[in-house]
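Residue numbering begins at 1 within each chain, and the chains themselves are lettered A, B, C and D in the order written.
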Amino acid sequence: MLSFESDYTEGAHEKILERLMDTNRESLPGYGADRYSESAREKIKNACRCPGAAVYFLVGGTQTNAVVIDGLLGACEGVIAARTGHINVHEAGAIEKTGHKVLELPEHQGKIAAGELRDFLKSFWSDENHSHMVYPGMVYISHPTEYGTLYSCSELEDISSVCREYKIPLYMDGARLIYGLAGAESDVSLPDIARLCDAFYIGGTKAGALCGEAVVFTKDRVPLHFTAQIKQHGALLAKGRLLGIQFDTLFTDRLYEKIGLHAAEMAGRLKEGLKERGYSFYLESPTNQQFVILTKEQYERLKKHVAVSFWEQLSDSGIVVRFAVSWATRQEDLEALWEVLDRLKMEETQEVG
Amino acid sequence: MLSFESDYTEGAHEKILERLMDTNRESLPGYGADRYSESAREKIKNACRCPGAAVYFLVGGTQTNAVVIDGLLGACEGVIAARTGHINVHEAGAIEKTGHKVLELPEHQGKIAAGELRDFLKSFWSDENHSHMVYPGMVYISHPTEYGTLYSCSELEDISSVCREYKIPLYMDGARLIYGLAGAESDVSLPDIARLCDAFYIGGTKAGALCGEAVVFTKDRVPLHFTAQIKQHGALLAKGRLLGIQFDTLFTDRLYEKIGLHAAEMAGRLKEGLKERGYSFYLESPTNQQFVILTKEQYERLKKHVAVSFWEQLSDSGIVVRFAVSWATRQEDLEALWEVLDRLKMEETQEVG
Amino acid sequence: MLSFESDYTEGAHEKILERLMDTNRESLPGYGADRYSESAREKIKNACRCPGAAVYFLVGGTQTNAVVIDGLLGACEGVIAARTGHINVHEAGAIEKTGHKVLELPEHQGKIAAGELRDFLKSFWSDENHSHMVYPGMVYISHPTEYGTLYSCSELEDISSVCREYKIPLYMDGARLIYGLAGAESDVSLPDIARLCDAFYIGGTKAGALCGEAVVFTKDRVPLHFTAQIKQHGALLAKGRLLGIQFDTLFTDRLYEKIGLHAAEMAGRLKEGLKERGYSFYLESPTNQQFVILTKEQYERLKKHVAVSFWEQLSDSGIVVRFAVSWATRQEDLEALWEVLDRLKMEETQEVG
Amino acid sequence: MLSFESDYTEGAHEKILERLMDTNRESLPGYGADRYSESAREKIKNACRCPGAAVYFLVGGTQTNAVVIDGLLGACEGVIAARTGHINVHEAGAIEKTGHKVLELPEHQGKIAAGELRDFLKSFWSDENHSHMVYPGMVYISHPTEYGTLYSCSELEDISSVCREYKIPLYMDGARLIYGLAGAESDVSLPDIARLCDAFYIGGTKAGALCGEAVVFTKDRVPLHFTAQIKQHGALLAKGRLLGIQFDTLFTDRLYEKIGLHAAEMAGRLKEGLKERGYSFYLESPTNQQFVILTKEQYERLKKHVAVSFWEQLSDSGIVVRFAVSWATRQEDLEALWEVLDRLKMEETQEVG
């Protein structure tokens, strides 16, 4: 069946698989001490133009968020995030499992606002006695957000500046960063992110790898005994080569960038095609996820032919569904989608008629 | 350089890589809901002759131990393990991180003894008031152990019987299970393990997979909301297919068994060859890890030519090193090893002379 | 200085101190096994008309909430509470420290609404896949709430009924329960609470004891190894007699009730007197805490003469302050307060004049 | 019944109760901000001759150990303790509940040896790769130990010196410190302890208070947001006055010292009297706890007349029981004990005869 369900439904970019094949019989040390991991770390630091950065490879996104946030927070500190932030709603309480609270800020299409962040911090610190409260210890954002929206460079600068004012680290969840960097409407680059964030991760899983996320600490803020912390969380991969080789491949010959551009191309066509067919959008997303409002009937029909993600039930009985493209989407997939949508539209009209 | 450092220094068995290639462009649901994961679960249940089992795939061993043990223990309960058990010494405190104590039993070449287990439990329960103590909530063993030793079927039956008497689950860490099942001296089969343990895992990482461990609950003791627990630990892989396809391959056409037999063959030759060359063994291991005592000088020379694992500094200045073979070891690797050892021996004799 | 700062600024009711004196040299077993603790447990069960209840004594409120909630929740479960619930804002993250999330509901003057609770639960369970979410595992309410407001018996019945429908326990924080039971506007009794809640605690600290909270489990839902859990949380008092004697005294000759009625009398006069003097109230509280809006100048003057609690800075520069009465407030304290307020009012008028 | 069961079976020293009475109606701020707590902190700093110390009051011993150890340890760090240390065996896993491992050292009548501590640390740090292990983050000792034994000043100096060498804090559990300071055989003073330890606590519960332990940080190592940490652990007492007044009384007119001397006097007589009557001792204890070996029959008879603590079942059917004296023991209690013991001895002889 045709699938626009998510950006992790296929395996890996073929170049990655080839590289795994080619290196398969090499005997390499474990736990990230192999030469491919070392090379990948160097290439990522270059891509970020941040030679002093420290780079670690983990397996998945929720794991990465839990390990990094638990590592950056001190006792009694919580992490500030948008109410809709992934760590607050879709990680089964992984942050709280480490003993830390998620401190909610209002969200604006998935984003937090620098002004509201400053107000929150100001209000906390203006109270003299905090010993009954959770201290705001860091800020979490994702880029793109849960809703596919993007921070502008100036928005990021404002948030970063508030964090520095209050001396707390800014951390960016980049599970889908590739789709944020490549979009035509994005003015944020990897070096910008390295400059403005204290830590962030470059998602591999949703960017053509089998698995893997590359955490980058840009400002000498690597948590104490960090490799042991990764191990303690059960997140230190024995065959670290699996992560090293994949990221080394992604950051060789600009593969990561090319994948992103292809996906952005597909994303633009998806959005355009849905618009042309008169669908209404739940919100304006400039990235690879498009949120469309369907009636229950439309949704029931559609899902017989195309895998999409159920997103949300609206109060007026409308249903939000997500269409996602990825590095793996081809022009013919889109064409097949148009064919299905047009056919369903016709059937709908006939029935009504 | 020639490597006998561990059983996870190569990539994956070629059949696994081929299968990943072949299925790469299939669009599959995430988080283990794909058909390969489903198929692998069925094949594992069959191999265990345990149709009622529940099978889950995780990424790595420490992670698996933490998720399963945290899941099986109730409040104020700890896990009984050998003093040298992996969870007690080499997992960076991953069990304690989940809030549970490891309750130590004496070890006998890495193994616990049923009699000592019974005494421990009897002594705990004979005290009337336990409210100041950690309750023994389950038993952890590994097979093979940290020292490559094996439980006999009758030893396992005794331990299992004590666990049932005291109504606590028995859990087996099978990171290297493949090397335990295949050895000529082993009388324990997968169905035996499924019969005697409440939970165990079949290690993939050290058995020719890129990563992955298959957890098997045999007696309806799957922890509450277990998939969410896996997620909460950051251990739920988005592209679950990566684990499903690998285990499906391992359990197709008896590949897992064949890999094991090959490794057992190599292990036998390794042990034999070391014996013939007059090395003394730290202990008698029937599996793929051999622990040999060297002088400091011997060790220094050796490691210039062959990667081995430093294991332990003995009080009398002897050094224990580990030679490991695996699914990936070939006859020519052994021959290269003999050549090196013989040459070093000759040099040593000449110098002394 | 005159103090209306809180309901825990004095020591203990004199009858309690006398009883501690009288029993002081008796040699009694520790950890709550003494006869006074036993007697107190029986009296509390009688007062609740719940002979099957299990009663435990702990030292303080935050401790009690953490121990009970951690005990009642399973893995991956969170506790539903009002956004303004004490556990969500004023306990320094004690719940998250135990690994559990607080799931926020909207608040209505500190209370949650049964309808919104049902919607939340319905929405959670209508989604088929929860493995990425925190399961709603119990409901927390406080009575009176953080704002001194009260649930009516019918509101409690509705909430209780939703909890039973979804098979999750209802837990009431009764830190200030004494002020909730005694008020003229309250139609909720201890037996009602025992009938409608699965667990609750009767606060001692704010009801004339030096310290101590009595936890009551009414429906056979005592958590596993609960005394050990209390110990593990560092909450098992060695000299349990200190708690037993105090609660035994409170529940002898209806002392708890009498204290409550006296405080309610004082609370009524406080509210009346503030109203007569034209103060505006932040909200309508029927209990011992009254929330009054002052200008910054009024607050600065007032606090030179009377200790009150700063509660909240309003956006329009108004300041909410809390006046609290308690078991220890005497008629002459109120008279002294009126004198101060009248004098300040006069000064204010003159200055303006 | 006559009781030598423990040192916490009575209420409080009468001077403490009087002081609670006298101050009862004073209106004081909560959470330790009252003037009695402030005064007590000053007196303790003076008694320790450590003007730069920071003093905090907590309610009980297990709580204090958990809060302080959790506060002092970083991520992936564990606390080194004797195998028989209270935190390792009698606190229901309170340390592990905070996520940290207890790293066991051998015990010598309850004590650790500086040499073995150094070996442990040296061995840990001589290994180059610790990322799979728990880092030794601090050292826990108790004085007296679980077996009533004492460190000499020179032993403490050696342990302290190892800790400084390895830059980890030394923490002393002083639940029974009063009995350690007063004994004739002790050459360790409060100022010695303050000089040699980074943190320790002065037990109140077992020294004539109703409850309460005074934590002293001597070297600017107060954990981050420590009052909030206390709150988060549920250990911040609302009526902090209860702790402040008790410690202020204990440290006024040398009451703490006098209580200790009285108890030491009683302890000496207890030991002497048991010796004279021919009992054999499980070990040589110089403090208020004496461990005596009885036959099962002797124990059964004894416990009908005197409350003592069952300590341990020896393998040869002997039973270790503990007799404890305290601040509350009077000469007539000892005389009553001798009467009982002599009578039982006579009955025993007659039966055998």
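General remarks:
The criterion applied here is as follows: contacts are C-beta pairs under 8 Å (C-beta built on N, C-alpha and C of every residue); 3 or more make two chains touch, one makes a residue touch a chain.
The model shown is predicted, which means the values in this text are computed figures rather than measured ones.
Counting only chains that touch, the fewest steps needed to get from chain A to chain C is 1.
Compared on C-beta pairs in contact, B-C and C-D come out with C-D as the pair having more.
On a Cα centroid basis, the chain most remote from chain B in this structure is C. Averaging Cα coordinates per chain places chain B and chain D 42 Å apart. Computed from the mean C-alpha positions, the centre of chain B lies at a distance of 52 Å from the centre of chain C. Work out the mean CA point of chain C and of chain D, and you get 34 Å between them. Among all residues of chain C, those that touch two or more other chains are 76, 91-93, 97, 99, 131-133, 228-229, 231-232, 236. Those residues of chain C lying in contact with chain D across their complex are 1, 3, 5-6, 8-12, 14, 17, 20-21, 23-30, 59-67, 91-94, 97, 205-206, 210-211, 228-229, 231-239, 241-242, 307, 328. Chain B contributes residues 31, 70-71, 74-77, 99, 130-133, 135, 223-225, 227-232, 236 to its touches with chain C in the complex. Touching chain A in their complex are the following residues of chain C: 76, 78, 89-93, 96-102, 104, 123, 126, 131-134, 313.
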